């Protein structure tokens, strides 16, 4: 019904539409409030990042980006992301399979454990790894004697990031696989597929949207994690600074414009992520639309 | 069920990266200097000079890596295993903590280098907004109503502790050593604080970039740097009549240098701080040099004021910490009111 | 006249869902709006209710134009295809909702709800939530809710589509008896011709947004106004014939076609029951082989293959099938007792009711 | 662990094993380590460390600001979701895509830009500060940051529900004479309540754990604008390990409890789903 161009409505029609739609005044009031809210909490913060980044001109912006410390921070962030995301995808698939395809005791506890990082303060997450692997921690002495560095080195950053990001893929997949049930898998089995083939040809394609969405969120968080990484990083310039930590450092070095310049790269990444997600959804919606169309045609 | 081979490889790779990325591989020497916030610029200059000096002297190539943060936080990282060859912190107390809680160096570390292991000093001064609209000249002006002071948090920041002690010392002097009056003064002082940052650098940021407060109270070198970085920013330096002689100490971390085999270069690094070149670099970066010759050369750069030391007024760091900064100490009591 | 639609058109984004539809429903009638899905019948119902506004045309209730009256003020009862029960309200609260809105006093409200609970046999379900009810129960609650505020018109959108066959039968009977009892003008939408035939006393048939025919169930079945109606209401054999020498032919079948020129094409239809079958091969003019027999219960459907390969459908009772001793593969003779000319080439036959009589049967072979 | 039941699908052992190993390394061992450390404290010591005045003030701010932010999100998030699903207006798709922005933007950057926006010389601050609305370095700033990071939860939980909402039900209310407001309050609102509650709880849980954005905007004034996670960092910097861990354990326990509540809420919400 929303497809009727509004201007075609006569006064009488508008009046009688009142039954199931808000009056234009209420409608536009709501839209205005919603737009104002999203202006303050979505648009302005976004635009401000770029405005501040270019506040001192393009040269400052470009210099901040090509500074070796920025580049090494980017390299570290990419490395951490490249390690964490595949592991978390693997975990997400395994956990979702185990949880949705089987019944076992303690399932809801398991699900709660998977949710845990969502509400645990990243600082606490970092602290936990310091307690384990720090020099004063349980394994600290032992690791130090063997020259194995975890805290204040890449492994610690990876662990902290893993902790913070591991629920994303699993959390996307579990509801989708739950809703889909096991019918498809069972019919694949009756057709002679083995477990691996069933997973590869039947389960994976049917959850690919959720998997992609979860992966995108996971990447975003890996790149952007601050609190947990801050605790375990050691802040060695050019070595254990990730991009968000580098932004903080620049900000503290009176280089506001440079801080925002590097931040703008992160914001740009966020925007790309959103664009990718929107595109995927749009594509999916189009496919679904085709399905509905086909269904309508099939009906007598 | 078997994992496909490519997946296996991926897992292996991930595991390998995870556990080997931290292991040192470089042949040439790498030194990690864990320092506090305001020394970034100082050590950026100094590291270049030292690398040159060390190469001519021994032929080895040294790369000095830096880590900066609040002094307390940095010490905590070293205690937790951040492999610092050299620590250059704001307070002797923080290095004491490394000795005590981390047992990474001997307790008498401070006597290993001249001048209490503090190759350069600084003091606490004021930075006000252009034209000094609140008319601030000395400590007594800071406790007036409506003045916003930006110091850092004495619980976590070295500069802030020096600031606290400077204010206390000033009040003692004004009141002929009356502890109660001094406490009253310092309490009033902290009532005028709108924002506490954990580190000196954070406080400067708050004052300059966020535009909060009327007076930044902190490191002299930090104030100079702020003036230099913000030439048209509109700030003025105000030097009080009396302040504290802040002695940021440096030392090497015995356990780390021993394990890493960097004892010589670490010692050389610290010694170089005491050399004329080192002293000049410090002076250029607004740290007061210990060397009389260098000090004379930069005499016009540093304002003259009466300076007292922590030993004179408070009987040393351990005493001062116990009385003022420990949980339930004077600072907590002032805060609680 | 209780309800009148005059030249109603409804467009959705430039596409006409309903095109120039006019009809009237008399007070107290039970009318079915029948047609395949997407024919516009639901849109018509929604325009009567006020949930949709016509793009052009007028709607009258008791002679008063109601185009500008919002749905809330039209005093109608609407039963939705998916029940549309309020999920968070109990059965009683659902039924009482309209009464509360209309500010009925509490006592009267309770009495009315109790009355409807009784009427629709919802005893002991009063406090259940919709998701605790079966499909049929939900449908009865929806009916009760619509009837509670004593509406002038009861509108039902595919009311029985979502319940299984057995319950559907019960509900149909219930609707008929409710209508008898309450005598409220009722219009319901369905795509099931059998349901329309069984329940309503008048049927309005739609085809692609246009009115195809209005009539009693008997009228639309026996005198379909168009090939569309004929095919939609029941099964019909339709043949595309060419006229030669005043006779329309299709294979060996021949039909009288007076008043038509040679070479003209006619579409001729006959219902399965009009095909008379005999096991006596000399009894009728045409021979055919019984290819398939479908048991539909009391009646059987037969597929007969003529020598030319043409397949026609016939119908007979079980008893007759047994009496004739038929079996698949058996040769029979047949004749077509009744047929209709559905359309002629070069003549467009508008679907208005008025043209029904212009379709004449061949003399001596009337229905 | 597994019930003794015939399993049709293969892979239980492998996936379950991997899941448990992964969780052990990342969650069980670290959490266990943290708890074990605090067990070395006596109960009285633990209680004293976890309930100092400053800690209490920090909890109060953390939970108060999180609650406020979650309430704001519940109200405006519902409004935004409604507007995005129900109305067509210029920029709708853009705003819709942008709702996930707080998920994608690193929190440190969020804190930086929000602090900058609401500071005295910022785009919004220059208008708000003269009105006495100080967004940066006040408890309000904490609420603003938490509102930002929690915003997508309510909108995204609600959107699919609104999209799948039966228009029939609203029309049924209209045919029975109910006006728009009445329909919303008595018919739509009860259906929306469970998802709004779920979104609210998620935003609340997220806010309690938030760190990155707050440290930039709050000013971290002890007793005033210091959040609990930040106090943990400070305790660490003060070499007060046990104090930090006591606080961490308190936050962990609360997180667990919250997740349990959210699970119950979700089950409750599913009960109404057909």
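We just call them A, B, C and D in the order they show up, numbering each chain from 1.
What we mean here is this: a residue touches a chain if its C-beta (ideal position, glycine included) is under 8 Å from a C-beta of that chain, and two chains touch if they have at least 3 such contacts.
Computed from a prediction, not measured in an experiment: that's the story for all the values here.
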item: Two chains sharing the most C-beta contacts; value: A-D
item: Far-end chain from chain A, centres as C-alpha averages; value: C
item: Chain A and chain C: spacing of chain centres that average the CA atoms, whole Å; value: 54
item: Centre distance in Å when chain B and chain C are each reduced to the mean of their C-alpha atoms; value: 90
item: Length of the line joining the C-alpha centres of chain A and chain D, rounded to whole Å; value: 15
item: Chain centre separation in whole Å, for chain D relative to chain B (CA means); value: 37
item: Residue numbers of chain B (touch at least two other chains); value: 1, 79, 101
item: Where chain D touches two or more other chains, by residue; value: 10-11, 14, 171, 174, 233, 236
item: Sequence positions of chain A contacting 2 or more other chains; value: 18-20, 87, 90, 136-137, 159, 194-195, 251
item: Touching residues on chain D, where the partner in the complex is chain A; value: 1-3, 5, 7-12, 14-16, 18-19, 22-23, 26-31, 33-34, 37, 76, 79-80, 82-84, 87-89, 91, 93, 95, 97-110, 112-114, 116-117, 122-124, 147-148, 151, 167, 170-171, 174, 180, 202, 205-206, 208-212, 216, 228-230, 232-233, 236, 241, 244-245, 248, 251-252, 255-256, 258-260, 262-263
item: Chain B contact footprint on chain D (complex, rising order); value: 10-11, 14, 53, 115, 119-121, 136-137, 219-223, 233-234, 236-240
item: Touching residues on chain B, where the partner in the complex is chain A; value: 1-2, 4, 7, 10-11, 14, 17-19, 21-24, 32, 37, 40, 65-69, 77, 79-83, 101-102, 199, 201-202, 204-205, 208-209, 226, 229-230, 259
item: Residue ranges of chain A in contact with chain B within the complex; value: 79, 83, 86-87, 90, 130, 133-137, 140, 144, 147-156, 158-159, 194-196, 234-239, 249, 251-254, 256
item: Chain D-touching residues of chain A, taken from the complex the two chains share; value: 2, 18-23, 26-27, 30-31, 33-35, 37-38, 40-46, 48-49, 52, 87, 90-91, 93-95, 97-99, 101-106, 108, 110-125, 127-129, 131-132, 136-138, 159, 162-163, 166, 182, 185-186, 189, 194-195, 198-199, 217, 220-221, 223-227, 230-231, 243-245, 247-248, 251, 259-260, 263, 266-267, 269-271, 273-275, 277-278
